[in-house]
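Comments concern the structure below.
Per-chain numbering from 1; labels A, B and C assigned in written order.
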Amino acid sequence: MNALLKEVRHNPIFWLLAVVPVVFTAAKLEPEAHSLLFVLSVLAIVPLAALLSHATESVAARTGDAAGGLLNATLGNLTELVIALAALRAGQYTLVKASIAGAIVTNTLFMLGASFLLGGLKHHVQEYNRVSARMQAALLFLATIALLVPSAVIEADSAPGAAFTQKLSLGLAVLLIVAYGLGMLFSLKTHRELFASAQHTDDGEAPSPIGVALATLAGVTVLVALVSEIFVESVQKAAEEFGMTPAFVGFIVVALVGGAAEMASAFSGARKNRLDLSVGIALGSASQIALFVAPVLVLLSYMIGPTPMDLQLWPGAVVMVLIATLTAALVTNGGRSAWFVGVLVLMVYLIFAMTLYLLPPRVA
Amino acid sequence: MNALLKEVRHNPIFWLLAVVPVVFTAAKLEPEAHSLLFVLSVLAIVPLAALLSHATESVAARTGDAAGGLLNATLGNLTELVIALAALRAGQYTLVKASIAGAIVTNTLFMLGASFLLGGLKHHVQEYNRVSARMQAALLFLATIALLVPSAVIEADSAPGAAFTQKLSLGLAVLLIVAYGLGMLFSLKTHRELFASAQHTDDGEAPSPIGVALATLAGVTVLVALVSEIFVESVQKAAEEFGMTPAFVGFIVVALVGGAAEMASAFSGARKNRLDLSVGIALGSASQIALFVAPVLVLLSYMIGPTPMDLQLWPGAVVMVLIATLTAALVTNGGRSAWFVGVLVLMVYLIFAMTLYLLPPRVA
Amino acid sequence: MNALLKEVRHNPIFWLLAVVPVVFTAAKLEPEAHSLLFVLSVLAIVPLAALLSHATESVAARTGDAAGGLLNATLGNLTELVIALAALRAGQYTLVKASIAGAIVTNTLFMLGASFLLGGLKHHVQEYNRVSARMQAALLFLATIALLVPSAVIEADSAPGAAFTQKLSLGLAVLLIVAYGLGMLFSLKTHRELFASAQHTDDGEAPSPIGVALATLAGVTVLVALVSEIFVESVQKAAEEFGMTPAFVGFIVVALVGGAAEMASAFSGARKNRLDLSVGIALGSASQIALFVAPVLVLLSYMIGPTPMDLQLWPGAVVMVLIATLTAALVTNGGRSAWFVGVLVLMVYLIFAMTLYLLPPRVA
């Protein structure tokens, strides 16, 4: 408890935890104040995500290497998963799909680009281990391709019917999860040395005791789930009031909110000239969304959604994800970075955001 | 004859040669048993392809370096060419085009992926000459792009008429063959050292005498041609009975059958930690399909086909070939491989296969 | 004056300057002889472009490093800009857009490919600084992506209306120019050492005095503008007479004419085994078109064009620009080149040219 409390006291992000009870009160008292609830729930999810990531690491640190790595790998995108589950239960499949595609794009463009920029403002040229960066970029590319192939082929061949899409999505989900399992075997067991530097994200302080950490993990997950429900309920109406399209909300807002904790780690790594860490978090997290979060959501849609969800993204999303992944592969290829590379990667992200913001709602 | 016979006795694949007479008998007695004829002809083509490849190498080994290299380069995909010719004569242009695209995809994804996996299961991390791998991946990328550009532009610009497509295909075929000729000049004459390790695929045993080898080459080619005819006649009906689409058959079945012999060489190279060899065979063979087999088929369609064939692939095939080539370029870029890279490359192939298998027939 | 005159005397390209007065006379006497005016204006622009590039370098050499670099970077594509402005004023937006896309494609495929081929014919294998080549290829890729994203997303999402496209193009133009400004800060100030070898393109001779150089710069710019007007007026009709589509003229003819001076520098660098120089000119010039020329034209269209111009390219152009940029990234990745790489890059360009030449006019 001690360590957790100290963390909470020292890191200003955790002061936002005070918003959590406010959200629940507001949702009770003013269930129709969508814009307010939207803003409050966003503010509440950010510190909860940070806490969740912290608790996961504490549990991981206590349970030994193999189990801990497994935990980190599975729960690393827990916030995204919980938010998407709330949207899934509400049958908001556009939001779910936008948040999947958006998380991949945000991790590979915003997280990577901002890491390059922040690191580059402090260090003239930053070098990082290009062998592991390349391996990770290749894995990310393949993971994303696996996710996108059906969408791309279906689009190209002009929509051959829902039954086909549904069957393909199911088969694909199973394949992706198998690949994800093999990927963990690879990165945690047979070839762990390739991913070494990206594993430990905390800076040498003593982790919380296992009991506390597990309780925090469980408790915070429930809180995130509850806040997510308010978020998902309010987002549609709030978006309209703010003049944002659902695609923009899912792609940009949800992805930035859900990934806030990982971004903090990645940016801090970049400032300390440990770009290996930043690249590892950004690309690893994006791979995990493609190989684990997305297929799990498809499978769960059979149990908790109103109807089964398929994996077909709308054409613009396919283009963006493909470009984001290619950009990551090309940019990390040389193992060197400078601030302007970060500027350009961020610019691509900004252009995506601008396009989605201006896009008339009916399209998404 | 001695060496060839010894080979036949030692390599279990050649026992399948016993199927060859069975096919012909069955085709005479039961011309309507399409599924049976399909299975038998597949089983017969595999050992014939292996024999063809063996005979080509024997002739090449006897005729000296330059002529031998030329022969190897020209006849390396003879099986694919002969099968495609049979389909061309029957006017089955969808099958021909699917087998061209499929051979490129199968070589770059299945052959490469399985080599990485098989090699990776035996060796922890495999390093290979990344300079020559990159050069070959760049050549393959450009060769494929050259083949795909018209399809991509035509699709994007919504089908500007058959006369245009036909004229473009003819001009393109001539260009590709010129590039192929220059490519041979490059790889066999001016820069042979870059491709050195990929040339000799046999393991130091004495080649058959030239007369025997030439006779085998001619005889086996005729046999492949005859079996291919049975194959092409039966494939359409058999595919329906097995519930396979023509696109799946052309893309996956024909490509796997036609490339069986090369795959054996590539896999054996990977197991022996000679990934240079595997990468060279996979990428070289795919380039050859794009630069030589495809344009030759277009030119021959003016002579032996019912109508001229163009080079326009259906949109889904363009997407798959592009992704396959990009994957090969990214994956071979680092000059290192481990088993999970193979798994992911194979997964992309599996997803293509699954998509094609499930795709309703009318689309392809 | 001395140096300039000497240059004019020694370089046969400047003899073409004699065509300049002929163009003006012909335009006065035979305003309807479109084909003649077209050919004459092309012949006149080539030496003027070379003179312009020469004058820019002279001014740059006199004004010190920072201001000179700025000048070189801004005026490097002055010819392309002036021609496009003439087309803009005439409201020929298809020609403007084709010339933007064409300049990127021509620089990355033709200039790079011909440099590789010409260099490779003289030197067996050419090595160049792959760190800076990769950095430049990454910048080019991102610059092009930034330019293309809206077109790609709009296409994929089936045209969501002109108001959207217009707003997006304006926002994008501002973003691109900001990125361009930051890029100059990067390449001229904070990280100039990365671009060092590509800066000085002249071979150590004394530059003209600043006054002469400035006067030449101003005078030649006016001449190019006047000739461009004749060119733009005649090109549409001349193209019809020669059987060329407007897309072909914009993409291929304008780009080759406008880039003639830079090509001369790039090719001469390649022959001298200084491929760094060639790659730097080709990729740098293409980046500049995407980040500077294109957005400036959009902004100016609000002032001088009949209606605002958006940045949406037609689908085939998007495909070609994407392929060209990817090709450049892959091909320069290894830092090595040989003649056949040049042949294949040129072949992709030739195929683009052939496709555009054969494409029925209505499509573009």
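Of note:
The criterion applied here is as follows: a residue touches a chain if its C-beta (ideal position, glycine included) is under 8 Å from a C-beta of that chain, and two chains touch if they have at least 3 such contacts.
Nothing here was measured: the structure is a model prediction, and the numbers come from that model.
Fitting chain B to chain C on CA positions gives a rotation angle of 120°, reported to the nearest 5. Taking shared numbers over all numbers used, the chain A to chain C interface scores under half, which places it in the different class.
Rounded to a whole number, the gap between the C-alpha centres of chain A and chain C is 40 angstrom.
Multi-chain contact residues of chain C (touching two or more other chains): 326, 333. The touching residues of chain A, counted against chain C in their complex, run 124-125, 155, 314-316, 318-320, 323, 326-327, 330-331, 333-334, 336, 338-341, 343-345, 347-348, 350-352, 354-355, 358-360, 362-364. Within the complex, the chain C residues that touch chain A are 131, 134-135, 137-139, 141-143, 145-146, 149-150, 152-153, 156-158, 160-161, 164, 167-168, 171-172, 175, 179, 182-183, 185-187, 190-191, 194, 326, 329, 333.
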